[in-house]
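Per-chain residue numbering starts at 1, and chain names A, B, C and D are given in the order in which the chains are listed.
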Amino acid sequence: MNSVETLPVERFQAGDFKSDLKPIWCPGCGDFGVVTALTRALAAIGRPPHEIAFVSGIGCSSRIPGYTTAYGFNTVHGRSLPIAQGIKLANPELLVLVASGDGDGFSIGGGHVPHVIRRNIDITYIVMDNQIYGLTKGQLSPTSPRGRKTATSNFGSLEDPVNPLLYVLGYGASFVAQGSPLDMAGLAKLIEEGIRFPGFAFINVQSPCVTYGEEDQQLKGQRTRLQNLGAMGHDPSDRAKAIELAREYGTKLYTGVLYRNPTPGPTYGDGVAQRHQTLQKQAVPRHDILKRFIPSPTA
Amino acid sequence: MNSVETLPVERFQAGDFKSDLKPIWCPGCGDFGVVTALTRALAAIGRPPHEIAFVSGIGCSSRIPGYTTAYGFNTVHGRSLPIAQGIKLANPELLVLVASGDGDGFSIGGGHVPHVIRRNIDITYIVMDNQIYGLTKGQLSPTSPRGRKTATSNFGSLEDPVNPLLYVLGYGASFVAQGSPLDMAGLAKLIEEGIRFPGFAFINVQSPCVTYGEEDQQLKGQRTRLQNLGAMGHDPSDRAKAIELAREYGTKLYTGVLYRNPTPGPTYGDGVAQRHQTLQKQAVPRHDILKRFIPSPTA
Amino acid sequence: MSNDLIIGIAGAGGDGVVSAGESLITAAALEGYHGIMTKSFGSQIRGGEASCRLRLATQPVLNPNGPLDVAVALNWEDFRRFGGELPVESRTIVIYESNTGVSPDRLPLEGVKPSVVFSVPITQMAEKFAGTAKAKNIVVAGLLAGWFGIGRESMLTGIRKKFAKKGAEVVNGNVCAFQAGLDFAEAHPLKEDRKLGAPEAGRQAKLLTDGNDMCAAAAIFAGCNFFGGYPITPSTEIMQFLDREIWKYGGTVFQAEDEIAGLGAVVGASFAGKKAMTATSGPGMSLKTEMLGLASIAELPLVCVNVQRGGPSTGLPTKAEQSDLFQAAFSAHGDCLRPVLAPVSVADTFPITVEAFNIAEHYQTPVILLSDQEISQRKETVDPIDTSKFQIVERRRPAGAELANYARFKLTDSGISPISHPGMEGGNYLAAGIEHDEKGRPTASGEMHAKMNDKRFNKFNPLKNRRDLFVTIGDQDAPIGLVSWGSVAGVAMEALRLAKDQGMHVKLLIPKLLFPVAEPVFEDFFASVKCGLFVEQSHQAQLYRLVRMYVDVPRQVKPLAKSGSNPIQPGDVLECLRKLVVTMQCNPNHQPEAMVG
Amino acid sequence: MSNDLIIGIAGAGGDGVVSAGESLITAAALEGYHGIMTKSFGSQIRGGEASCRLRLATQPVLNPNGPLDVAVALNWEDFRRFGGELPVESRTIVIYESNTGVSPDRLPLEGVKPSVVFSVPITQMAEKFAGTAKAKNIVVAGLLAGWFGIGRESMLTGIRKKFAKKGAEVVNGNVCAFQAGLDFAEAHPLKEDRKLGAPEAGRQAKLLTDGNDMCAAAAIFAGCNFFGGYPITPSTEIMQFLDREIWKYGGTVFQAEDEIAGLGAVVGASFAGKKAMTATSGPGMSLKTEMLGLASIAELPLVCVNVQRGGPSTGLPTKAEQSDLFQAAFSAHGDCLRPVLAPVSVADTFPITVEAFNIAEHYQTPVILLSDQEISQRKETVDPIDTSKFQIVERRRPAGAELANYARFKLTDSGISPISHPGMEGGNYLAAGIEHDEKGRPTASGEMHAKMNDKRFNKFNPLKNRRDLFVTIGDQDAPIGLVSWGSVAGVAMEALRLAKDQGMHVKLLIPKLLFPVAEPVFEDFFASVKCGLFVEQSHQAQLYRLVRMYVDVPRQVKPLAKSGSNPIQPGDVLECLRKLVVTMQCNPNHQPEAMVG
C-alpha cells in the first residue's frame, strides 16, 4: 500500500507549511535548512497541513514542528517515536513525521528505534545529527567522536560513538538516507522520498550546531567532505553495499539514499487493517460486552 | 589488560558457587542448566564468590543471582546493565556478571545495550532467551517469531523479532556467543571464555521455557537443530562471517563463539585508569575544594 | 442452614484446587448465589502450592476474608504454607485427604482443634471411579456440593461438557467420581445442617468475572479504541482481554517495548482523537511518571489503570496493597492534578471504569484508576448490569466559529477548551510539554504560567461536588465514622454491620473519587463525627494523610492501616473501634496512639 | 550612601551584559561586600536578549529580588522584554544608551517616570577609547563603579588580565574605556550620594560561586566518588564541575544514556560501596522514580539532587519554582520514605549537601536534595567556610561477629543494619527490589513485609528531632508565624525584617529538612502561633499541604503560594500578613480565603 497518495503538485507551496512562529535557533544553525527542505518536500507531497501530525522530542532540533503549520507535538525528551506510533495506529490516514536530535534519538530515545523499525510502522523519521547536545549547551552526544572534549567530557570522551546509519540498517529498516542542508534540493528530495516510501523511513541529517559544534561539522567544513551517493553511482537496492558505506559514518560524509528495499514487506498498519477486516464481523455491540461474563457450567 | 587473573583451577568447585536457596523455576526449565554451567565456569575461573557481583533484572531468568553465592543484585526490570556498569566503574577489581531474559534485555532494557557495548565496559552479559515472557505467564517477547500467538498476541504477532546476535555485533561487541543448556559443557566453556575476555562479552543462551515455550524451542526440539560452530569450523575472528551466521538467528541454531575480536580495543576501565593516573597529582585535598571559589578579578 | 460460607482449599500445583473452586463458584452464580473467590499460589510459576478461598452467600458478599467455615487439605504441607491466608478455627469443618496418614485428632494445625473433621480417601475415590488421580478435584467438588447443597446439576453439566471430547467412558468416570463425593457426604452427614439457604434475591443467574476482565470490558463499553501497554502482574489480563476483543471494534492493542512507550502510544492515540488507555502496576506506574505529566500539560484525555500490588519496588508482586495512592496523586514533577478513582469490587469496576473515561474525556486529563491485586484477580458474582443507564461522554471538539482563529488552550470560564485533533481542518495547533499560551505557543512568562496553572487546576472544581462518587452508609448523625476505599471498603462494610449489631452508632464513607479531595463531602461527613477510623491497607495510611492535606479531620479519627499481603479483617476494625470508643468515653480529650500498622 | 543596591542591566545577547555584572560582583566579593547576581535570557541559545540583576550590600543579602535601584538599558526593546523581572520605579536611577534615540523624559516604560535618568553614549565611548563596540560592557562597568563606588581597582586588574594576551594597546584601550565610564559618572554626580558604604563585617574577601558548583564541591568534600547522570537544565553544571574535578580523586563521572541509567549506575556504585550521587531536574526526576524505589527497598545510600524548574512536564526550563516537593516525597509506588532536604542559598548549599551525604550513608537511603534554578544558577558571595567543623559520616559496615552469619537486613533496634559490599569476604548477600527477609531472601510473607516496612520507616525517626536542620528567627512566643523554604526563604527573611519594622510580632521557621515532616519542630513552632503564612513558590502550596498531613496547622495559618517564574516579593508577603492580621483582629474566628496563587 502506498502510504501517500500523490496529489497535483501545484496544490501547495512550501510557504503553506511554514508557521508564523519565528525560529529561536542561533543564526546559522543547520536546522533552518531542515525546516526549509521539509516544507518544500511537503509542498511536493501535497497533503494539506491538517492531515499531517509532526512529532518531536526535546532539543533545539525538536522545536521544528512549531515552525510548520502541521498539527505539531513537541513532546518529551526521547519519546517522539512511541507517541508517533500511537498517532499512526490510531489514525492510519494521517501523514506522520517525526523529528529528533542525535541525543534525543540515539541516547535517551535509542531504545525505541529497533522496535518501530521491526514493526515497520509507516512514519518518516528525521534526525538532526549535530554530534552535540545543543539545547543544553554543549555536552557529549552519542554521535560525538571518541576523544571529543565537551562540557561533560573535559578530558575527552572514552567511548565509541553510535553509528545511526548502521544501527537502523541492522534493525532491518527498509529506507535509510542521509542528507545535509548544504544540499537543500537534495535534502528536500530525500524527505519527499522518505514520506512516499511505504513503511518506516529514516533520514539522518548532518545539521551543524554553529554554537557548540566543531569546525569540520559546519556547512563550510562539510563542503569538502560531502559525497553524493547518486553521483557516486551507488545502487540503493544493494543492502550489503549500504552497510559497507554506513560503516564509514564519522569518517566519510555520504548523502543520498543508502538503502531502499526494492520489495518492502508489509507495514504494521497493513496487518492491522487486515485483522480489522477479518474480525469486525465477530463484534457484539459494545453495550452487550458484559454478556461475555454469563457463566457456563464448568468442572 | 586481562580482566581476570587466572588462578589455580582446583581452588573452587562448582558447588562453592551454588547457594542454598532452592530455585523456584518450573521443573525442566532451561535456566537450571544455566546456573549449573555458570557455577562450573566460575569454578574454572577461580575467583572467590565475594569478589563477584552478579546483577540481573526481573524475570524467571533474573532470579539466577540468588541461586549463587556471589554478591547478587536482583534489580528492576530492564536495568541490570546500567547498575552493573556502576558497580564495575566504582570497583574495577570486581568480576561483574549480568543475567537477563529476552524481554528484560531486549525490550525494556534494549536501550542500554548499545551504550555498554560502545563503552566496552568489561562485564559478561548472559541473556536467557526463551522467546517468551515467562514470569508474567506467556506474553509476546521481542524475540518471539512473527505470527506467534501468545496471551498478548491472540491473533498472531505482527512484528519481526529482534535479532540479539546481529544487534550486538552491529553495536560493535568484541565477544559474541550463543549456547544452550543442551550442551552443558559447551555452555560452561562459553561463559568461562566470556568472563576471561578483556572487555564486554555477550552470551545468548537458548534456554527453553517448558511452561509457555513452543515445542521446537524445548531441549528436545533443539537437539535436531543445534549446530556447533566449532564443529562447523567457524573462525570466530571472521566478523563478516559472524554477521552472516547471526542473520540466521531464528531459523538456524548455532552454538559456540560467533565472534571474538582478535585485537580487542581498550576497555572503558583502561581509559579511566589512565585518566586517574594522569590527573591524581592535580588534586587539592578534598577539604580545600572551596578554594576553587576564591574570586579573581575579572572584566 | 447457612447463609454465608467460607471455604478454603489447598493442595499441590497439579491438584486442581483452583478448578474445583471455579466450578463451585460458577455453579453458585448460575443458581443466583453471591460469591467471591480468590486464589493464591507459591512463588513458583508451576508446581508449587496452590489454594483458593471461596465465600458464598445468600446475600451480597462484601469481601472474601474471615476464618474458614470449611477447610479442604489435599496435603498438609501445602495447606500449612498458606498460614494466615487460610485461618482454621475450632468451628471449622476440616476435610482432608486420608492418604496423608494424619489422624483426625492430630491435625498438624497449631493451637486449634477443629471439632468436625473428615478424613476422606479422595485420591483413592478418584482413581477408583474416574481411573485417574487427576479427578481429585471432581471428588472434592462432589463432597462440597453434597455437604453444602450447591451446584450439583451445573457441575454435572460442566463435567459432561468438559470431557465430552474424551468419550463417554471418561465422562462417565468423572460423573461417578463426582457422585462418589456426593455419596460420601450423604453417608457422613453434618450434625448441623450447613447447606446454603436460598439466595435472598431469587435464583436469577449472575455474571461471573474478575476485576481485570471487568475493567477491560468496561473500557470497550466506554468506547476505548486504543490500548498501549506492557505486561506486568497483576494487570496483564486487562491487555489480554482487550487483545482478544478490541480488534473487532476497529481498535488496537499495542504491546510496547516498555511502559514509557506504552503510555507514549496512548498519549499519541489520544492526541489523534481516540479514547485510549493503559494498564500497569507499581513499577510500571513509576516509569510512566514523565509521560503522565506531559498528558496533563497538553490536556490530553486518557485512562491509566494501576492494579496495585505490594511495594515498594518489585515488592510483593502477587499480593494486594493500597500503597500507591500518594504516587497516583503526586508522582509527577511540577504542579499538576489528575483525578484518581478507585472501585471497591469487581462489580463496581464497571461503573468506575466508565466514569474514568468520562472524566478523562470531559476534563481532558489523564485519570488514574486504582484497582488492586485482590479486586483484579478475584472472581466475583455480579448482578446483571443495565448498560443503557450509563452515559458515555465525548470530548468537546471545536466547531464553527471556534475554528476560525482556533486557540487550543483558550482560557474559558470552565477551564475546558474545545480540543481538535489531526485530520480536523482549521484545528491545527502545537501541543507541547513546555508551558504555552492559549494558542499553544511556547512561553516562559510567569503571568501566562500562572493563568494556565489556574486553568488546569480550576477545571476540576466541579469534581469535588460529585457526590455520586461517594457512598455513605449509616445514619448521617452518627458520632463514629469509618472511611475506607478500594477492596478494603468491603471489609469496612462488614465491620459496620458488626459494629451496628453491637449497638455502636457508626457510619461509613467510601470515596470512589480519591483525588482531588472533595472537601465538601468529607466536611459534611465529619460534621457529626467525634471519633473514627480510616481503614486502609498501607503502612502510611495514605488516604488518611491525603485527606488531612485538605480537610480538618477530627482529631479522634485515626488511621487503622496495615501493610499489605495479610488483609485487614472485619474483626480488626471492630476491635479498634471498640478501643477508640472506650478511650473517648473515659477521656474525650485524650489523643490515642496512632494505629498505623 | 547606600547599604543595599539593586542593579538591573539588559541588552542584546552580544552586549556583554552578564560579563559586566560578573566583573562587578567579583569586585564586590573581593572587597568584602555581600552580593547576589542572577541572569536571565530569552529562549534563544544565542543572540536573544540577556539581562542580569545584581544586588550588592554591606550586610548579608537574603535574596536578589525587589525593584531596581539602578536600571541599565543597552537597548529598550530588550530591556522591556524582561518586564516584571526588572521592575523600574520612579526612584530608580535609569542609565541608557544614547544611540537608542530615546529622550530622557520619554522613556518607553509604562506608568513610571524615573526622576534620575542618564542618557550615556556608551557605544560611542567604547568605540572611541577601546576601538570597538565590544567594550560596551567595560564602559558600563566603569559607569557603575564610578557612581556606586565599587570595584575600581579589581576591575582594572581584571581588564589587564583579560586582555593581556591581546597586547598592550588593547589593554590600554579597555582601561581607557573603563576610565571613561568612571569619568562620566564623576562628571554627572548623583544629587544624593549612593555609593555603597563599607561592608559591615570588614573588607575580608568572600568566596563567589553559584549553587550548582557549590553543590558539586560539597559532594567532593563529603567524599563522593561517583556521579552518574544525564544533562538537563538547570542542573547540568553539577556534572560539569565534577567532570573537571572528580577524576583527580580517583572518582568517576558517568554520562549515561538517560536518567534511568544515570541513577542505575549510581545505585550500582553505592552497592559496590562508594558514595555516589546524581543530579537532574523535573523531567529527569520523573524518570528516576522506579530506580529510587529500588534504592529505598535495597537500603542503598545515594544523593539525588533535583534542581527544580517550572513544571509540569517540560514546563519552564529556565525558571525557578518549588513545585517538585510532592514528587520528592511521594513519587515512588508503595510505602517508602526518603529524606528530602533543601538549602536556602548558595552558601547553605554546602552544609546541606554534606548533610545529604551524611544522612544517606547513615540511614542507608536515597536522599533528595531540592535545589532550584535560582539558587543553582545565581552567583552569590559566600563567607569563608571552615570545613574542619564538618563531620563526614561513613556507612556502618559489618565486622567480626556480624559477618559470621551475616544478615544484611537484620532487624535491629535502630532499624539500621550493617551493610557489606562486593569484595568484603563473608558479607555476600542478595540485594533485591523484591521484599525480603533479614538475609535478603525473597519473601511474600505479610508478616515479614510488615516488619521490613516498620524497619524502613522507623529508622528515620531520629531525623524528626534534628533541630539543627531548622532555623527559627524571631521571638519564640510570637503570635504570627511565617514558614518558608528553599530560595524563597530569603524573601521571607526580608519580609520578616520589614514586618518587624512595622511593629508586627512575627517569627519565621525555615525547614531544611522537608521530609519526613518533623512533627515536634512544627508543633513547637505553632504553639504560640495564631495566624501566619507558608510562603512558597508553587501553585499548590506544597509545603503547607505536606505539613498538614502530619501536623495540626493552626487554621489561620494560610498559604501564600504562587506559580513560578515571577518570584514572590517581600512586599507581597508583608501585604498578605497585614490582611491576615486585620481579619484576625476583626473576627478571630473568620477563616480567610486561601491565598493560593
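As a working rule, contacts are C-beta pairs under 8 Å (C-beta built on N, C-alpha and C of every residue); 3 or more make two chains touch, one makes a residue touch a chain.
Small disclaimer: the values here were computed from a predicted structure and weren't measured.
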Chain pair, B-D or B-C, that carries the greater number of C-beta contacts: B-D
Centre distance in Å when chain C and chain D are each reduced to the mean of their C-alpha atoms: 44
Approximate Å spacing (C-alpha centroids) for the pair chain A, chain B: 31
Whole-Å separation of chain centres (CA-atom averages), chain B against chain C: 39
Where chain A touches two or more other chains, by residue: 58, 74, 76, 107-108, 110-112, 115, 142, 155, 272, 275, 279
Junction residues of chain C - those touching two or more other chains: 43, 247, 257-258, 283, 290, 294, 298, 313-314, 432-434, 442
Pairwise touch network: line, ring, star, complete, or other: complete
Complex contacts: residues of chain C adjacent to chain B: 42-48, 230-233, 236, 239-240, 243-244, 247, 253, 255, 257-259, 283, 313-314
Chain D residues touching chain C - in the complex, by the definition given at the top: 43, 84, 282-283, 285-287, 289-290, 293-294, 296-298, 306, 308, 310-319, 321, 323-324, 326-327, 329-336, 432-435, 442, 444-447, 449-450, 453-454, 457, 538-540, 542, 545-546, 548-550, 552, 555, 562-566, 597
Touching residues on chain A, where the partner in the complex is chain D: 24-27, 58, 60, 74, 76-78, 107-108, 110, 133-137, 139-140, 142, 151-155, 211
Chain A to chain B touching residues, read off their complex: 107-112, 114-115, 118-120, 142, 155, 158-162, 166-167, 169-172, 268, 271-272, 275, 279
Touching residues on chain A, where the partner in the complex is chain C: 19, 21, 48-53, 55, 58, 65-66, 69-76, 79, 81-91, 93-94, 111-112, 115, 272, 275-276, 279-280, 282-283, 286-290, 292-299
